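Each chain carries a letter (A, B and C) given by its place in the written order, and its residues are counted from 1.
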Amino acid sequence: MSRELANGIFSAVTWIAMGLCGLILIFLLAVMIWNGIRAVDFEFLFTASRNFGAGGGIFYQMIGSLLLILFAALICFPLALGTAIFKSEYLKSARVQRLCAVLVYGLNGVPSVIFGIFGLVFFVNVLGTGISWFVGSIILAMMILPTVVLATYHSINSIPEIYRESALALGLNKWQVIAKVLLPQGIGGAITGLFLGLARAVGETAPIMFIATAFTGVEIPGSFFEPVTALPTHILALAQQAINEQALQNAWGASFVLICLVTVFSALGLWSRKKLKTVGLR
Amino acid sequence: MSVSSKFGRVYVVGSTFISATLILVIILFLAINSWEAIRQSGLRLFTLEWNPSKEKFGILPMIYGSAAITIISLGIALPLGISAAICTSEILPSRFRLYVKSLLELLAGIPSIIYGLIGIVFLSIWVERAFDLQSGRTIFTGGLLLAVMVLPTIVTLSDDALHNVPQKYREAAKSLGFYRYEVIKNAVLPIAKTDIIGAALLALGRVLGETMAVMLVIGGIDRIPGSFFNVLVPGQTMTSKLGREIAETAFGSLHFSAMIFIGLILLVFVLLITMIALTFFYNPEHRLYE
Amino acid sequence: MTHSTRLRIVQPGILPEAAPAVNLEDFHVWFGEAHILRGIDVGLQEYRINCIVGPSGSGKSTLIRSINRMNDEAADYSFKGAIYVNGENILDKSVNVARLRTVIGMVFQKPCVFPKSVSENVLFGIQHLKKLSRQEKLQIVEDHLKSTYLWKEVSHRLHDNAVSLSIGQQQRLCIARALAVKPKVILLDEPTSSLDPVSTRAIEDLMLELKQKYTIVFVTHNIQQAQRVADHLIFMCNGRIIEQGTKQKLFSTPEKDQTRKYLNEEYCDCE
């Protein structure tokens, strides 16, 4: 019967599609893990790089990446928190809410290379900061801002009205309600959003490659306005020398470490979503 | 109002002000810096030749490249991804779901530079051998690589869209004597349709804005292929142009201004698409985690 | 919502027992380790209203959903026994389940209208089967909306989104949709639990009307409703059928003490 045939064909097509996707994705993972693990050892992790990365290890690259995202977190978190609180507790008009949502979440759609260019134009040239790791952190903070705002907003907004009303009825003013009741409960969501944002930020190349990083001769920056070296840009440099066996191997190793970092932050995000869930939140 | 409340208010209003104006500031600065090029070249920006030494800044090859890569990658990834999502959401037994979803989420988070590395090491070699080319760095390679890159996202978002269709619709259709594919086609897909379109638009925005992976495999030649549909030649996208050359362009020059103009065009395109995508999602919020 | 045009042409009275349209023989159901239905032996009578009552958790929904095999894809579902429709065991692996469900239709507890127009909802079950002319479609829509007493209320709104109907109207629309497939048996799983009293009575009147042409099997936990509407009554508790028979018998002279307790005092102490 024709309907049964159609049913069978449809099933077969979707199974094949899934199988194909599965094969592609497993291949990717296998390649990354297999090549990566072979390239990483203790020496690799803790030596400085030499020879434009073709030799040596990735010690300072790891430190650079972590430094960048640490400060990105420090800059982004208070801003995101304030914005989310404002959206959730102070904004009442639906139109303004939507406008605000569009402006903040629109930021999420901006391609990462544009962030890099903006940094180049605004900070490096107009403000004259030169290649600076701190500027890199600022740009990364801008990039993950929507993610953190979103997570925090959801977390605070979903706290039931009854908590606010009980606190107000006890005589607390608005800010005290926020600081003493909402923030403690909502901070879990904010932290989750931050981890997820950082998972993305640590892997980004384009925002920082023009403005924060240099490929050689950089170890730990001495001041706010010096360049730094980071994992993604290092991988980029190595990829461009892929003919060189050693460079390629180091590229895989650096990639593997980077993937591990991304996974760690993502895992932290998911773990914190479970652990820091409190009363009234989803 | 007490002091702490006043301070609190200043803090939140200030934060929001900064967050909300960031995107406007970015657009503004891009516009300002591309003004010089617009003023001097005007419509000649939309011509075919890019040659800074002759003061020619035609960006059409870049637009062609971006368009070609987008069409190739989405043309592969959308049918493949949505079909796979139908399988994972409707046909696969639910005990596998957790593993599949976790794998997809993991892959969706892999940084693009690593895809670029894979593109250089594997994909461009394969394309070079398969089509007997001089170099595997072509527009086609870029499209193929982006298809693979955006696939996990499409699968996971489409799967969510399908999974969110309430079970009662499937049951109502089944109880009327529908075969499984008829249930999916007549009951589930129509309801999931807008979410899936939103996902496709989001993927579109991602592909247009992707720099690192494309930059490494596209070949960096500012030319539309001799035969319009021949994508087995090197090319250039808006993003790859910016990624490859802006660091070496002298700030303040006309050349630089023209590059910024490319950035501006790119930004405007991507923002438009993202805005349209946001209006499609019922709950635009929960998926912006990526 | 008006009911003045309702014709009560079927007086609830005593009907003789009829031949069974659906026969369950020693039917068991497990979900994983849990033994939900234990040795069900029951005959559901043709052109009567067969009503299954019992406390929550007694397995009523599982029973009715097994008849059109909706449980097949539930997690860890396993069964033993047979269900005969027209002499055929419908639990056999060779049975075309999709075809079965066009013979045994179902109406669910919560009205589930598709987000399409009213007429598209009515035609939903049949329009993918063959090409129908506009004339045929209109006729089918009209016929089935009339048979569920919806025609007068929605004839001018056929192209409105079905979600805009009241919930009582939506449930009747679901019934019309199920009828359009021309089943022989209609299963209703607590069809009025989500409805207000007025809509409830409308659906009950509808069932009394429909039994002339269809075998009705419905589940309810509302004993007064069973008393108003049922012909053949089946009392279940804890996965077993405690007693079954005509409504009159079970309400006035039940054989089991449990039956009397449940139907009169709404209390069941089965373990």
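Points to keep in mind about this one:
Definition applied: a residue touches a chain if its C-beta (ideal position, glycine included) is under 8 Å from a C-beta of that chain, and two chains touch if they have at least 3 such contacts.
Not measured: the values here are computed from a predicted model.
Legend note: the chain whose CA centroid lies nearest the centroid of all displayed protein CA atoms is B. When every pair of chains is scored by its C-beta contact pairs, the maximum goes to A-B. Distance between Cα centroids is largest for the pairing of chain A with C. Chain geometry summary: the mean Cα position of chain A and that of chain C are 54 Å apart.
If you average the CA atoms of chain A and of chain B, the two centres end up 17 Å from each other.
Shared contact sites, meaning residues of chain C that touch two or more other chains, fall at 98.
Multi-chain contact residues of chain A (touching two or more other chains) are listed as 3. Across the assembly, chain B contributes 179, 182 as residues in contact with two or more other chains.
The part of chain B that touches chain A in the complex is made up of residues 1-2, 4-5, 7-9, 11-16, 18-26, 29-30, 33, 79-81, 83-84, 86-88, 91-92, 103-107, 109-114, 116-118, 120-122, 148, 151-152, 155, 179-182, 184-185, 205, 208-212, 216, 239, 242-243, 246-247, 251-252, 260, 263, 266-267, 270-271, 273-275, 278, 284-286, 288-290.
Across the complex, chain B is touched by residues 3-4, 6-7, 10-11, 13-15, 17-18, 20-22, 24-25, 28-29, 31-32, 78-83, 85-87, 89-90, 100-115, 117-118, 120-122, 125-126, 142, 145-147, 149-151, 153-154, 173-176, 178-179, 193, 196, 199-200, 202-206, 209-210, 232, 235-236, 239-240, 242, 248, 251-252, 255, 258-259, 262-263, 266 of chain A.
Interface residues of chain C facing chain B in the complex, by the touch rule stated above, are 68, 70, 75, 98-102, 105-106, 108, 110, 112, 114-116, 124-125, 128, 174, 177-178, 181.
Chain B makes touch with chain C in their complex at residues 94, 168-169, 171-179, 182, 186-187, 190-191.
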